[in-house]
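Each of the next two complexes has chain A plus one more chain, namely chain B in the first and chain C in the second.
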Partner chain A sequence: MRLGDIYFIAKDEWRYWFRSRLSLSAIIAASLLLVASLINTTHQVQTESATREGFQQEAVKTFESQPARHPHRMIHYGHYIFRTPTPLSVIDLGVDASAGTVMFLEGHRQNSTVFPPNYSNAYAGQLADLSPAFAYQMLVPLLLIILGYASISRERELGTEIVLYSIAVTPMRLWLGKTLALGASAVITLTPLVVGLSFAVSEGEPVWTAAYMFLGYATYLLTWVFIITATSAVCQRSASAFTTLLGIWIVLCVISAPLASSIAETGKSYEGKVASDIAVQQALRGTGDGHNEADIAFNQLRAELLRQYEVKSVESLPFNIRGIISLNAEETQTKILNRFSDQRMEQAKAQTQVIYWLGLLSPTLALKNFSVNIAGTSLSEYQRFQRQAERVRFDFVQKLNTMHAEQLTYDDDIKRSIDPLSEQRTRIDSHHWKILYATSHHENFEVARISESFPHFLALIFWCFFAAIMAANVAKKGDKNVA
Partner chain B sequence: MLREMQREFNFAWKETALRSLIVVAFFLSAISLLAGALTINDQEDLALRLNTEIKSEQLQILKGKTDPGDIAYSLFHLTFDPPSELAFVAVGQRNELTWLHRVRLLALEGQIHETSDANPEILTLGHLDFSFFLSVLLPLLVIGLLFDIEAREHRDRRHELICSASRFGNRIFLIRAMVRSLLLAAAVTVPFIIAAINSNITLIQASSVIGLTLFQIVVWLALSQFITRRMREAATAGLSLISIWLVLTLLIPIIGKIFVEYRVPVPNGGSILLTQREAVNDAWDLPKTATMKPFTEAYPEWREYGDVGKPFEWKWYYAFQEMGDRTAKPIAQALYKGMRDRHEAMAWIALLSPSLLIERRLTALAGTDVLQHLRYIQCSRRFHAEMRHFYYPFLFHEKAMSESNLAEIPEFKPCAL
Partner chain C sequence: MISSPISAKNLCVLRGDNQVLDNVSFTIDAGDIFALLGGNGAGKSTTLLTFLGLISPSSGQALINGVEVGADIQGARAQISYLPESANLYPHLSAYENLEYFLSLAHISRSPEEISLSLDEVKLAPEARKKPLSSYSKGMRQKVSISLAILRRSPLLLLDEPTSGLDPLAIDEFNIILKTLSNLGTTIFMVTHDVYGACEVAKRVGLLRQGKMTSMFQAREDQKISVDEVHQAFRQSQAS
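Moving on to the complex of A and B:
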């Protein structure tokens, strides 16, 4: 009967829960909430995806179906790029509600993403979120506390602890049995998570990233199981175990996230888009206006071209110099724009880095960090979207500038404001507009997501081991070391 | 009565657990006030700095310029919503809803929806401020303070003794709960009063905040009494109270939010953008009269200047910018109306949730809710209209701008709350 008594203790604990109205109602309430959160989030992700993908297709179609016109007009006509949720968003929507969903792409400028869902969502306070991530991070630990706070202290209060020890059950085995019971129920609560993950897999998420996400959540709940049984083992009374656990829960699940966020926000400054736009405008001064070929900023370029092609005037060049100037100006400007947007992204990253370090102090925060990074709903993923958008922007603008240089004659181009025939000739056919970099399919950055979430996974493992060792240590001593 | 209270106070203060809880409450209150104040101070500094920067930038841009079309094209203005004096108490949705923009005379629908691109991870995790403390944490502190005041005595078999020893009978526990709540109220309000003295908020504002604090404590004192009267077991009482907290603070707001969002649909921002772009861009390909005819119908005073002879004229350019705005405006207005309707519908949900009620009251007082954002947007839109009315005479009369004209270019002034 080596494992037998552990198993019997666990089984008995289960029987106790099913007899207790309180435990039973907590189990039912938590299950309903978990299922509701999964349905709610899946529904939300699907509607959002459908809307945004619909808009994206419409945007591509309208761009490609534009009539014949001057290519530079298309640069100002611009294009829209929509951010779509990743498959694992059904578990953790992460930053989605707070991050802009669409960005206007045009020449000479980098716009911000606009219309984050929270802009028009109803505001119901800071904690109003019903996603599986929220349910597992905050509510399931509470369920486990309700089930387990008295697991060992109850035996102590009833005097059955001594009886158990006298029939050769060691304190360690009592603790193992209770931990097994609570751990098993934690595993059962993970069923809706598995359903959600399977759904994500059916939407194109690789099995191994989904399994990895499962491991993270399981480790987190296991950490709670250890914290709960350890507290129960160390307390003389169930009531004090309950108070202590509730205190721990409030600190970890309610306070740690907003506190970390406030520390990061006030500790590392982030000045935002407007400040950066003003700085960009100052930096761009003197780089030359790409619309104006006479701008002195292009004197050198012009002289070089004339020398290279051994011609006397720009009219004799084998291409339209206005297009070349646009191409050149866009490249110079984009370098400056990217310098500032990189700076902004670095500032945001520095803030997030503070939160990531604070995750070492709170397993809940560590799980939040792990979860958004593996789900692809983190700041990093959002910044990848912004970089991708910039790539799409620069790509189509420069393709259009190249057409401007190669397909239009300089003569027509300069006369187009006064001569209707020249104007007609500067319009190039609509089939040229099929140039957009394919953005409709969602790029799945598995490797990046795994490596970004890995430090947080380590933090979770660390917390789990730490809690397990603490628990085993206090449990070993049985009733000799009650606080 | 007073003697009884005095004695209860002495009892309470001797308890280490109670003293530590009061200290924790004091520090949480102080930290949340500090965090809110730091956030708002940063925003004030930023607004001030950017306003100075953009002014000097404007001087640079205007140097040597006289063409009104060119000036209006390159001159950016800062519109912003400075935080109110009370904003440090409830940062609310200020971080989420943009409170500053950089605008010029071009189509406003292409500019007013820009965001500050704040760190979405910070926004998602939320922020600690006094409003969060009052609405979410304070009930938990009250529960922690009161959930076992009777159960503890039952356990030690002193309950009957205590009741019979007091002339208030078993109402002595109400007095005990009230005394402890008063201690908590003092620990929570003292940091606020210190913060209030160091700020410029009015006495009425300060008393409203204290009133809401007391309201929250009384609500949870009543709920605690209701539960602890009925539950002899400390843990059962505590659990019941935590469940009530979960329902009132989390579930009702969440379910209400889902319901309200389902019942009150809003147009998608994407359609505003796409509509506005088509309207603005189509103008380039259409005959000039397609823009100028509806424009002069809207502005009869410019009818005789409505002819556009050249392929490009500034007045036509700005006319089609405005006409583009007019096409997209109904969708934008519908969006704003939806936002307002959702906010108002949530008021009914808030009647069921004291926490949401407090959050809404505080953000309304502090001017950090969606209504204030919409007021600010309206203010920026009015400023844009003011600019149009300023520039149109120059554009239509094709008049160069003199030094004194430049000095008259409208400047944005934040609208009062």
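Moving on to the complex of A and C:
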């Protein structure tokens, strides 16, 4: 095997790029863009983290410095939970750019995430697009096209292709050499990605998930390398190779993503917000108001407790029935709210599922799906945060309700608005606030991220193999259409 | 029996719907120079490309050392130095770089001195050698192309209009080079429009007209092929 030939051809291609002004300026422009995108997202993620951290500290301080209070007032006072961005979000911001990172947790309600109040949304809106993920998905393929569209067709136009074949260079080796040259430049463009990934690793991302992400991006670019060299080998003229590749780029990189979204939207439609709110309200009606112990909805519970403890009146129960009713009401409501929120999440997921399947039709979509899933900036990750936040909320509320039931007497509780001493006794000490505040989303879901991104990784591998086989097949017939 | 290095047997070639070569047969003996003459579009370049395996015959055979080209394309190409019709080289590279690149791909190592020497032989101006070929004239590029064909020192040389674009002095030099190579044993198959040059160097001259070999001239031991005779035959073949 004359491997040296492949290397010589690749080296010559590099020499050509360095002597051609267009190639050189394309390389410089793309490098600047990649570095800029990395600086941009890193800056964005760090600013956000800092903002969030400041806000969080403030919120914790305010919560913890609350004086002794009635537990139910603290349930309504509520607290904040923060979504810590995954380290890999410096590569791909995904839904983080638009989904909000802080959630207010309180009793009887499930809130959605919002941005911290002093968070500069304009910044995210304008520049979020220039992330390394965007640069690698859209811009680097364009750079590779500019570098490689003429790699073989140029030789055909110059007539040097015939000379190469006449000195026993095989079409296969010519193609491999050109592919090596373009592949090597693709690998070099991955340097900023490696820098970004190393940064993520230094922030606590495991090395293997970072390496896996690298592999996904490398596979994607390699697929483009094959598409480009194959097109160049097939086309008689460089101009037609360029137009063809530009067409492929527009279809794969520009059209496929919005097209997939619109297909997904027509396929599975969201229930309207108003309609679903009404449905929730209807389901909640009749569950009883936890603030009103006399609500007929709790008649059965009350009767059961009296029978169980063999007492005649609620005053004689060994605990505060108001707390028990609150506990009970919160649990019933939460079950209903969770049912609806699960439904909404499933609907949202079903939409993205359609996009996932469409990923088989375009390597760019496959990479997009792969990237957000492994970066932990996907809808699934966001939903995991929502579920986790809900567990924290429920836990927080029920702890206070338990205190309400166990540490406050019923007698004090009903008299607290008329008797200042009872009012004093229904306040629980502020040291409890320290234990209650759960601050942020710290759980790391590597395994889930890997398993969710894996089908898309397979799609990328499939595309790469498919492109390689197609390319090799058209390239090996190269000497049949030169003369 | 030693088979001749280059031979065609009833060679027919189709390009598209055109019958470009029609039953062409000839043999070139080792160390001989064979010149193929013919009008534009007669099928001369096609004949050379067929021997390189870049075009497949529709019937008949193109043989290199008795082996059909199609049976071992890479083997045939390894024997051949080919000079294409127009100097096909890289404009972004200098003469030296072009030669180095092609030689390395042909797995031939030549020292910088040898390369310089061969450029001396074809009389390429020394001050031009390190400049990119995009700044060369047609003849200068042709000289680099010839130099590449010579440097490979292949046993077989296929030349497509090697003297086109060369000035008279360079043509004379080139003819001397060809004769030297032939004396050293190189078998040369040359396509040309230069009747004088052909008769000057060739052992045999073939006349191709619309894909058919119409006449063949042979030099004698003591006498070159007559330019007038070839001229006349050429004119007649074009007229009929």
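Basically, the second predicted complex is superposed on the first by the 453 of 483 C-alpha atoms of A that agree within 3 Å, B and C clash if a C-alpha of one lies under 4 Å from a C-alpha of the other, contacts with A are read in each partner's own complex, and residues count from 1 in each chain.
Following the convention adopted for this analysis, a residue touches a chain if its C-beta (ideal position, glycine included) is under 8 Å from a C-beta of that chain, and two chains touch if they have at least 3 such contacts.
Computed from a predicted model, the values in this text were never measured in an experiment.
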Which partner reaches more residues of chain A, chain B or chain C? B
Going by the contact rule set out at the top, does A:L22 touch chain B (first), chain C (second), both, or neither? first
Please work out whether A:V254 is in contact with chain B alone, chain C alone, both, or neither, and reply first, second, both or neither. first
Counting only touches as set out at the top, which of chain B and chain C does A:F8 meet: first, second, both, neither? second
Tell me which partner A:G94 touches in the superposition: chain B (first), chain C (second), both or neither. first
Which partner chains sit in contact with A:N111 here, chain B, chain C, both or neither? Use first/second/both/neither. first
So, does A:G204 touch the first partner chain B, the second partner chain C, both, or neither? neither
Once the shared chain is lined up, is A:V169 touching chain B (first), chain C (second), both, or neither of them? second
Listed in rising order, the residues of chain A that touch chain B in the complex are 22, 26, 29, 33, 40, 51-52, 55, 58-59, 62, 67, 69, 73, 76-78, 80, 82, 94-95, 97-102, 104, 111-116, 118-130, 139, 142, 146, 149-150, 238-239, 242-243, 246-247, 250, 254-255, 257-262, 264-266, 269-275, 277-278, 281-282, 285, 344, 348, 351-352, 355, 368, 372, 378-379, 382, 416-418, 423
Can you list the chain A residues touching chain C in their complex? 2, 4-5, 8-9, 12, 15-16, 19-20, 158-160, 162-170, 479, 482-483
Under the stated contact criterion, what part of chain C meets chain A in this complex? 49, 52-55, 73-74, 77-78, 80-82, 84, 86, 88-93, 101-102, 104-107, 152
Sort out for me which residues of chain B touch chain A in the complex. 28, 31, 35, 38-39, 42, 46, 49-50, 53-54, 57, 60, 76, 78, 93, 96-97, 100-102, 110, 113-129, 132, 135-137, 140, 144, 148, 151-152, 155, 233-236, 238-239, 242-243, 246, 249-251, 253-254, 256-258, 260-261, 264, 266, 268-271, 273-274, 277-278, 281, 284-285, 310-312, 335, 338-339, 342-343, 345-346, 349, 355-356, 359, 369-370
